[in-house]
Each structure stands twice: as structure tokens, then as C-alpha cells.
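Sharing a structure below in C-alpha cells format, with a few things to ask.
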Amino acid sequence: MTNIFAFALGISRHSAAGAMLDCYFPAPCMQPDINLSEIISRHFSAGVTEVAAAVAAAFADELPEGQLKQATQALTAGERALRCVVLENDDAISSTAEAYLKLHLLSHRLALPNSLNLDNIFAHLPNVAWTTRGPIAVDELAAALIKAQTQGQHLEVMAVDKFPKMTNYVVPSGVRIADASRIRLGAFLGDGTTVMHEGFINFNAGALGPNMIEGRVSQGVTVGANSDLGGSSSTMGTLSGGGEIVISVGENCLIGANAGTGIPLGDRCTIEAGLYITAGTKISLLDETGTEVRKVKARELAGGDDLLFIRNSETGRIECRSNRRAIELNAQLHAHN
Amino acid sequence: MTNIFAFALGISRHSAAGAMLDCYFPAPCMQPDINLSEIISRHFSAGVTEVAAAVAAAFADELPEGQLKQATQALTAGERALRCVVLENDDAISSTAEAYLKLHLLSHRLALPNSLNLDNIFAHLPNVAWTTRGPIAVDELAAALIKAQTQGQHLEVMAVDKFPKMTNYVVPSGVRIADASRIRLGAFLGDGTTVMHEGFINFNAGALGPNMIEGRVSQGVTVGANSDLGGSSSTMGTLSGGGEIVISVGENCLIGANAGTGIPLGDRCTIEAGLYITAGTKISLLDETGTEVRKVKARELAGGDDLLFIRNSETGRIECRSNRRAIELNAQLHAHN
Amino acid sequence: MTNIFAFALGISRHSAAGAMLDCYFPAPCMQPDINLSEIISRHFSAGVTEVAAAVAAAFADELPEGQLKQATQALTAGERALRCVVLENDDAISSTAEAYLKLHLLSHRLALPNSLNLDNIFAHLPNVAWTTRGPIAVDELAAALIKAQTQGQHLEVMAVDKFPKMTNYVVPSGVRIADASRIRLGAFLGDGTTVMHEGFINFNAGALGPNMIEGRVSQGVTVGANSDLGGSSSTMGTLSGGGEIVISVGENCLIGANAGTGIPLGDRCTIEAGLYITAGTKISLLDETGTEVRKVKARELAGGDDLLFIRNSETGRIECRSNRRAIELNAQLHAHN
């Protein structure tokens, strides 16, 4: 192999019927350097393969000190066959193991949201019952529940979903997650991110950190440094308006509690609590004296910096002012004339 | 027994003091046919009874091939005494086992929400600590926590509630449930229903499927085919307005993120993100030219089809237009004149 | 010791490296009477100490019949060393064990929110992975996940947070908690409180009971008797407006679904579904005839009784009327003239 896009070694879990349910990769790699690529190439083939613990142990012996070596040694301790994935290119997903590798790359902060080819991911992720005994195939769950009950044991089913929760696979450094059931594997949580109980981060979405996330970060959405999402605030996954616009929230923004946005925001923007802006919302642009400059649809403000969105409580009109923290940027608004 | 309304065989769990905490019925039946009714009558009495595994095994032998036979055989494998419930009529609930049977009927899709007599259900469901070791009586929990701690074990308490979560009892086919703690036993999830992390479905409530549920389906509410509930959207359980109106959402509707409804909606209705309609909300009905036809209270629009509800972002006025996907139905609005 | 502010005996859990992760105190005491103080003083020193099970057993022997004696006896059954905390004063927090003691005092209903000195609590609570095997130090989690996987076991991580969930430590009497992951240790739940799936109660916050909580009770917020928080309603933690105002909700209030408040409310107040009031919101005060008396900022209405907040659906104006359940109190509004 002359080129390796991504590599991981880990453990796959399977249904009683033999279908792969998930993969756990403690130390995935993306675009390994030449030395590491050569070591990988000597031991493993491209694609998804099963490798004996002894093969993995020999691989570990050649690795330089570090996380990958440690994790590989720990994996081989069980003497179980392991699962290896070597991707030469970032192609569309063609197997469950590849899907899990890419989700791991995101949650290990090796790739930013929207930077990986995730085509066909839904097709290759089986719908799984996630239980206190690990993943169980959905069509084997009813029998497992009966068996547990007849044995006087308790089987707890936490979710029935294609995506597992992130924290059972990896917890990146410097984060707090108040309710882990709300962070899917494939979420990107930057250092310094706190996700409170009402927060949610989908796969291929992320908070770049540091952030306080008490709202919902939909698939494809990213939130920049020092931006906060208030309790139950909403970000739309994508929107139609002459094409699909990926929503993002810049740095130093605040989306208030119970508020929401259907447009991308630049830096230092605020949406007041309880106000939902969609792409088609007609908005009055106000200058620094509070005079209406003109009316625009929200999508025309997409990506703008220093914007403050409120609904005037005397008139019900939705208004956009230059954020008072940055009055000098009002010129930007006038530039739209 | 000449008539059987519902039947189930399963396992009940009890407090240390002997109180029934829950029942698990893997294959409940509603209105069994004559053949099955006769087999049931030969082996079991009306009401709630304890039956020996051998009796259940003899019952299983007589059953035709199918889910009930398989589940019954699996239940008898434990050689534990089982719990049998035979209801001759759909009367008010008079025991914990009956309450659990009716909740199972709903979640097994054998009965639609609002079709069963659930009177007295709260009185007969004990408040239970739901833990990783199964149900524990609330007044026995403190001792269980101390004991686990002194033994160096961990006891996780997921809920303290009268209703357990559905997925520990049954997962109907063709569904995804991102956070199972938000679906109570007694919820009805039709085939093709996905409930995301922010979604919630109460007992005696349901999504008929297929649906994308990211909002809250309150007790008594049903959501029709191809309707979506946006993130954190709300449906009111009941409303006062000259009587109790049960809320429902028809087919092909969209309730936007952070929106809500206090009136039933017909088909093809949309409520924009962030807008909450209550029964008493005064709404401007607009015709196809955008001209106000008349003002109505929202309750007058209950059950109407093809309605689009927005709050005008220039005037703050709540408006209802015929949904643009179905302009031909504007006549319906004028009919209210 | 002449004076004891708080006392507790329990079990602490530690990381592999020896750092304290949490403490469990089944029967904490606040301001014990002279007799009990003397018994405590005879057996234990001030501060945080480790005590042998035999010492605790001797202490239990001297105690009068009651919860503390029972809990202490149960604790000693494991013959493990126990953790004792004796606080002479309500000083700023200076250790993990003290932090846990104060959180227990709140959840055991021995202290109301905002009545304890919680200074430095964040500094003394370690960030912990809360798992089905109990707390694990964040920097030991990756190794624990690998080990579980290689052994074919499942390790479920429910949260990564400084605060654990309350129900694993104490469930006060007379409450229902539909999703325990949303109640932090340190929450105060009065008798008769039901917290539904969408409800949330932070540490040092509480519902005094009876209450139906389907919204978010932020840190420092208290909700009075017979007040209900609708689904996904929001209470702001604190607000700036000439100083920090602690939000509270009085008795017999209703905050509608998806609504919110940034000001404290008195008794018998209602905020309609979907309306968010912040301190700076300009509001039209209406008299009993619906005539505007004057315009105020919401913060001027802080703590007022019998107020009904709506957004006029014809004009978009936010209005405050005297709650129709208490028309006689309109005079209060006019008093602001």
C-alpha cells in the first residue's frame, strides 16, 4: 500500500447469527506518516480483515512508544481475534466496519465534521438494540428479553438505533457530558466542551470547543469556539433555499434558550431566548439609531458577523441589529443596500 | 369463558415484601379467535392467576405454531411460576397485572391509543425504582443502595416512576429509538417510526408510522402517517374549551422545531418553527391573496386540513394560510364565514 | 467540638490512582441536637477522616433508634473502612467529601437551595466517568473500556461530569422521576414532586413540592408549591440587571410549554406556552379593561403576584394582565404608575 487514508485495529461484536453489530477502535489513525504506513502495510491488508491476536502483537512490537502501541498491546491481552480496517482512500462507505472507523475518526478529533465521505453510512449501520449486555441484534432481542426474565436477570435496553452513544467508545480529553445518551458516536467535541443534560450532538456534527452546549447540534452543524447554545435551542440540519446550506455557528455566539437558527451565523452573533430564525424569515435590518435600513430574508444574513436578532416586544417585528458589542460593524449591514 | 377480551402469560416481579412491581408479557393477545379462546379457557381461569410452569407447558403444546407458542415455550424454560391474565371485558383496571397487560397491548400494536379502558391505571401502578437490577420497591431502595455500596457494587437507578420504559418489555418491528428512557410502556410506535433523542412518547399515545418524532407526544395524542414532529415540539395532552378535546396530528403534517399545538390538526398542516398555537389563540385567516378573511380562535380550526400556521415576522400577527402545497383547499377556510 | 454544622458517615469511592471520586452518605445530619453532637464528638474528629468499621459500629451502638442508627449499622456490615465528615461551620468547600456532604444535605431536604455555602464546589468535584460499574476516573476510562472489550464484557458510560445523578444516592419520599439522568445530586425535590422526562433539576435548585416539573430548573432556582413547569420550559440561572437576581417561581404558577422566564415570579403567575420573558423585555401592562396602563421592563415586575404574560397574537405585543383568576389584584399594577 503506497497510501493509507485511515487505519484502525479493534474489536467487533456480532449477532448470534454472525452479523457485525459494532466495532470498537481504541486508537484509530488518519493519514499515518510513512514510517507508520510501512509498519501497517507489513502486517495488514487493505480493507476489513480479521487478524489473530498474535499478528496484532507482532505489529505492536514494531510500533514506537505511544497511544497506538499501548492500545494495541492492551487489545491483544484478550487473545481474541481482532478486526482491522485499512482504508486507502476516503471512498463512500461500503461496510459496517468502515462506518465505525469513520465515526471513530470524528470523535477522536482526527477529522472535522463535513470533512469525511460518509455516503451510504445509513445503509451500512445495522439497527441495534444497545443494552447493558452490549449490542444485540434487533431480531434477537425478544428472545434475549424472555431468557433474561426466566433467569431472574434484568436486561436494560438503552436505545434501538443505528448509531451508538459516543462515550462507550471514546471520551476525548477536557469534556463534560451530563447525559451521554445524547451524544452519538461520530460527534466531535473539542477540548473544553461541556454538554449539559439538554444538549445534544449528532454524528458528523460538533462543538469545536470551548463551548457550553445546552441545545441541539444537528447533523452537519459545527459550533465555533466560545459560543454557547442555550437550553433546548435548535440548529436546523440543512435547509432548502436554492440549495442545501450547511448550518454553522461561528465564534463567540449565543443562541438563547428555546431559540433556534435555520441560517449559518458568523462570529459574535446573538439570537435572543425564544426566537426562531428560519431562512425565509423577513427581518428588519436596523442601523445604530434603530432606524430600519431595509428588509431582508434571513438567508441574506447567512454567515454575517456581529448580528443581534430579537423580536421587538412592542411590535412583534423581528429585527436584526449589529450586536452592541461591536457597533463599528454596522457598516456591514449598510453594505447590503 | 364465552368471550375473552385479552390474554397474556408472563413473569411478574415483586418487592421483598411481596408486592407486585411489574409484569412482562412477551406475547399478549387481544380478542383471540374461537380456537385460541377455547385453548386458553381449558388451561386458565379468568382474572389474574399464578400458574405453574408445567401448566403453561401443557398450554404451549396445544397451541398452533407461531409467536405465542414460541414465547410460551421460552417462558416455561425457567421452570418458574408464571403470571396469567385473562380479561373477559375491557373494564376499568383493577390490578397491577391488568394495567401491565393493557400497556403491553398498546406497545405490541394490538390496540390504538384511546381505544382501551385505562380508568384507574394510576391507582394500580406502583411507584417503582427502575434499576440495573430490575424493579425495586421505592421503600426498599435505600437499603438496597447501602447494601450495594458496602459490597463494592454499583446499583444504577434509571427512574422512579409508575411507568417503565417500553424497550425493556417490547421493541416493535421497524422502529428506531435513540433514547429509550423517553418511551413509556404503553406507547404505540407504528412501523417506520424513528424517535430521536429529543422525542418522547407517553403511554396511550402514539406515532402511527412512518414518522420522524423529535418532539413530545403527550398522553392521548396520536400522530398520523408521514407527519414529523420537530425537535422539542410540543403537543398538549388535553385542553379545556367547552370540554376536553383530544389532540391528534393527521397525516403529512410538520410541527416545526420548538413549536407546539393545543388543537388537533388535520392532514398536511404545518406549524412553523418556534410558534405555539393554543386553543384560545386569535388567528387571522388569510385567503390565497394574503387578504384576511376573518379572525378566529384556533379551536375553530381544530381538525382542519392543509393549514399553514406562521407568526408574521413584520407584524407579530399569527396567521393561518392554506398550505401552499394545497392551494385548492382554500375554499375550506372561506366555508367558515 | 462545641458546635456541629453537619455530619455524615458513608463510603467513598476512589480511582485506581487513589483520588476520591465520590462519597455516598445514606443518613447525613445538619445541625444535630446536643445529645447527638456529643455522641458524634466522642467518636469522630472534625474534618474528613477515614474510620474503621468497628469505630462506626461502636458509634451506632450509642445512637437512639432511628434512620441514622439503622443506616450506620448497615454501613458497618461490609466491614470496609468508612468516610466520616464533620463540619463545624458552613465554610467554603475545601474537599471532595465536603462537597458531597453538602449535595447530600440538599437532596435529603435538610437544606433549601441557596442556603448553603457552596463556594469552590466546582474546584473540589472531580470530573468522573459514571458507569454501570460505578465511577471511573476520566484518565482511567480508556484503559477500562479496552479491558472490558477484550474480556467480552460491556461497560456502559452514562455521563462524564462533576455531578452525579441524585437517585444513585438518595430518593426522597413522595417523588416520581421519569428520567433520573436529569436530576443532579444536590437537587431538592419536595414531597409530591413529579419530574417528567423533559424535566430537569440542577444541584442547588429545587421544586418545593407538590409540583409537576416538565421544564428546566436551573442552578439556584426554586419553584414553589403547586406550580407547574410545562414541557421544555426554561428558567434562567441568574441575570444581570444591576446585580445578580436569583430566579424563583412562587406558588400556584404555570410556565407554559416551551416558555421561559428570566425574572422571578410571585404567586399565581402564568406565562403562556411558547413565550420567553427576559429581564429586559418591554411589556405593556394592561388594566382590567385591557387598556395599557404603562410600559415596563420585565425586571420591574420581578416577584409580582397574579400576573399573566402573553404575546398578543394580533399585534405581537407582549402584555401583562392581572391573572384572570385574581382580578381583584389589578390594583397592584396601577400602583406602579
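By letter and in written order, the chains are A, B and C; residue numbering begins at 1 in each of them.
The rule is simple: a contact is a pair of C-beta atoms (placed from the backbone, for glycine too) under 8 Å apart; a residue touches a chain by one contact, two chains touch by 3 or more.
Since the model is a prediction, treat every value here as computed from it, not as a measurement.
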| item | value |
| --- | --- |
| Length of the shortest touching-chain route, chain B through to chain C | 1 |
| Interface numbering overlap (same over half, different under half) for chain A and chain B | different |
| Distance from the mean Cα position of chain B to that of chain A, given in whole angstrom | 30 |
| Multi-chain contact residues (two or more partners), chain B | 132, 158, 181, 232, 258, 274-275, 311-312, 315-317 |
| Chain B residues touching chain A - in the complex, by the definition given at the top | 10-11, 24, 26, 71, 74-75, 77-78, 80, 131-134, 158, 165, 167-171, 175-181, 197-198, 230-232, 256-258, 272-275, 311-317 |
| Parts of chain B lying in touch with chain C, wherever the complex brings them together | 127, 129, 132, 138, 141-143, 145-147, 149-163, 181-182, 184, 200, 216, 218, 232, 234, 236, 258-260, 262, 274-276, 278, 281-284, 295, 311-312, 315-318 |
